[in-house]
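Right, I'll just put the structure down here and ask away after.
First chain written, first letter: the chains are A, B and C, and each begins at residue 1.
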Amino acid sequence: MTYPPEIVAEAVVGGLLTGSVYALVALGLTLVYGVLHIINFAHGALLTCAMFAVWALVTFTGISPYTAIIPLAVVFFAVGYVLQRYLIGPASHGDDSNILLVTLGLSIAIENALLATFHADTRNLDGDFGFQVVEIGPMLISRPKLIGFAASLIVAGLLWLLLKRTDTGRAIRAVAKEKLGARLMGIEVGHIFGITFGLGCACLAVAACLLMPSFYVNPRVGNAFVLVAFTIVVLGGMGSVPGALLGGLFIGVVESLGGLLLGDSLGQLGIFIIFILVLLFRPTGLFGARA
Amino acid sequence: MKRSEWLFLVALLAALALVPLLASNLVINFLVTALIVALAALGWNILGGLGGQISFGHAAFFGTGAYVTELLQLRLGANAWAAAVAGIAAGALVGLAIGAAVFRARLRGSYFALVTLAFAEVLRILANALDVTGGASGLLLPLQPGAAHFQFDQRSVFAWIGIACVGAVLLLTRHMMNSRFGAHLAAVRENEDAARALGVDILATKLRAITLSAAITAAAGVFYVQYFLYLDANIGYGTWISIEALLAAIIGGVGTMAGPLIGALALHGLGELTRGFAGSITGIDLVIFGLLLVAAIAFAPAGIVGAWKRYVGGRRNA
Amino acid sequence: MSGGDAMLEVSNISRSFGGVRALGGLSLSVAQGSITGLIGPNGAGKTTMFGVISGFVAPDTGSVTYRGADITREPAHLRARRGIARTFQIVQPFAGLSVGENIAVGSYLRHAKPSEARARAEAVARRVGLGAMLDQPASALTVSGRKRLELARALATEPDLLLLDEVLAGLNPSEIRDILPVIHDIRASGVTILMIEHVMQAVMALCDDIFVMAQGRMIAEGKPDAVCRDPQVIEAYLGHGAAARMQEAGNA
């Protein structure tokens, strides 16, 4: 079976666009991993939460999902800070597998609280987002996805600047490298952990705003994203920001081409198999993670 | 394990065995479901509790046990009991295969948890997509009551078989904890380097644990399909059973012998209670379970069993 | 050192970590029935050397021969089965298990039956002075208790060659006095011992032969009193020129 080149090209471009939002989701995850060395299993549930927040804001106040980006990012930053500083940190007594279980417990609680509130129905944003397309050469590209792509790159760039150029960023990198040393330098590690977790959640809020115009939300939608995000993170090397970006784009294309060639459900299969193979054979990531 | 704890367990199982004589079908249904989860959790506990390798993907074994049992009967006309044995063996084999791949690559902790989840998801997607497993519409085992078919008119018979299975696994667990293998498994959980220095073959110990663990959880899957007669990918390989097995073991008391059984009964009892109070709001019971998991990690690392022991110990010393 | 009756032969071992050369072509041998000391200043590579012998560190070059068999590439647990046991400088108790259970992990190596393994563990515990602590959690032990536990677990594997990595470090003089007879007793029971030690008085009292390492190289070997007077050894320990100053002091 062969496909005309413009269909393949459209699938590749579509995959890159979706992948950029995946990258944003993965960016939050990899940042938290890089600094706290923990796997936040609640990442998917928090994304679902953010997507419902976007849906509710847009549906009940009528604002544009793109206007919601900044307020929602601020709120989710605060939520993340509080969660890490006052719940996940204290509850897990500093033990890695405890953190995994605590965030698993949180994800179960959040996902089902959403289920109890919104029921299992799938919701979309009202409006004609789905029909907005941009013509590029022979291809028709979804406008919300194009905006998502641009905005994801901008946010990744801002995050990178924040890490490299600000005092907070320097403190975060110091804690990531050497927790004890950072503490001795007078950096309050618990505070930095909270900020990092908050930044991770803010990334989710932005991703939710960018996703909603072209996607749907239901209480289980985060599950589909969370393993994709983990796959991106291990592909890019745990803790690597550029790795997450490249990994996200790559996975977006794999999923899109996989879906085209094998059907949607088997396209997902490809992602899980990549995840397993990378963990088994290249646990440091494909794109040369930091030593 | 102290004599008093052992006596308590025997008394508990005996009390459970009396329930079907006195209670309605609804209660028996509750009991059988709790026993299925207890069995899956007892399996999880061998690897996750005693061996310290926390799995998020025990659905891989549960589903394999269930699917192999059902498919052998449906597609090859096999005898139900033979199919059940084959289902358990297939679950054990999948455990061994996943273990061989994952433990050879030295994946531990969070990586182990995530990769087991990914394996279970791969199996779920395959079972959902392939024709042989009935795809998304699932598989129905025809109703054929009769001991020869491992199906019974009386639900109470299932309850008693379930209790017998749980009892047998508890005996096996006790025997294992008191054996060389149990000592090796505890050593691997506590400190791999020290264990190696004392001649413990880490890989072989973990492989034995995951194979045994998978076989027991597969038995829960076999039991599920014989009782409910229906199976689809989201039941067999869905995350629900991975999560319930883990929750029951951890909330009941991770690494303790009785923990998974107590946890499964407590969780399902609590689930029924919240459904009684909150009515038709779906998910509310799982909200509580999720928060309980957080609370157990924060305040009661040895779960209900550990908290009870502390309470009894405190009273004795007072 | 007479090569003929060497139980352990380590030859020409080197190993680098990320470009830093930790071991640079070292050799040593341990005679059957002896207590051999491995000494040297901090950072000399002694513990890495133990790792190579016990199978925890793979050398880049060189070979390890135990009783005539090349075990250079053999995994650690198989070396333990051959009869090589080690302790860890930084104690590694199974913190969640009792003292008795800790030791039984060792005794299970030679005794598959739980009752036998537990009886052996109890006997070993008494031998190192932990007989009263069997049911205590390992995490409740003092520093000296943990050192004894390291020793007990290794002994419980019934080794022929015992590698002791600073079992005396961190103990006070009276605790050291208590444990020296235990080590003598172990040797008397036919176990060959290779020990890393900083407590020189103990090294002098216990060892038949001594190897001295500095900066990943072997700088001296011989009988304790000879090694003590070796100028290279004195320099390595006390710094450049120390040997000459001591010579002068001795002549004055």
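In the analysis below, a residue touches a chain if its C-beta (ideal position, glycine included) is under 8 Å from a C-beta of that chain, and two chains touch if they have at least 3 such contacts.
On a predicted model such as this, the values are computed, not experimentally measured, just so you know.
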Query: Which chain is in the middle, if each chain's centre is the mean of its C-alpha atoms?
result: B
Winner on C-beta contact pairs when B-C is weighed against A-B: A-B
Field: Inter-chain centre distance, subunit A versus subunit C - centres from mean C-alpha coordinates, in Å
entry: 50
Message: So the centre of each chain is just the mean of its C-alpha atoms; given that, what is the distance between subunit B and subunit C in Å?
response: 44
- request: Let me have the rounded angstrom distance from the C-alpha centre of subunit A over to the C-alpha centre of subunit B, please.
  value: 32
Field: Residue ranges of subunit A in contact with subunit B within the complex
entry: 38-39, 87, 90-93, 96-98, 100-102, 104-116, 119-120, 219, 223, 227, 230, 263, 265-266, 268-269, 272-273, 275-276, 279-281, 283
Query: If you look only at subunit B, which of its residues touch subunit A in the complex?
result: 52, 54, 56, 101-102, 105, 107, 109-111, 113-115, 117-119, 121-122, 125-126, 128-129, 239, 243, 246, 250, 281-294, 297-298
Task: State the interface residues of subunit C toward subunit B in the complex, per the touch definition above.
output: 54-56, 75-78, 80-81, 85-86, 88, 92-97, 101, 104-106, 108-109, 112, 114, 117, 153-154, 156-157
Message: With touch defined as at the start, can you tell me which subunit B residues reach subunit C in the complex?
response: 178-180, 183-184, 186-187, 189-191, 193-202
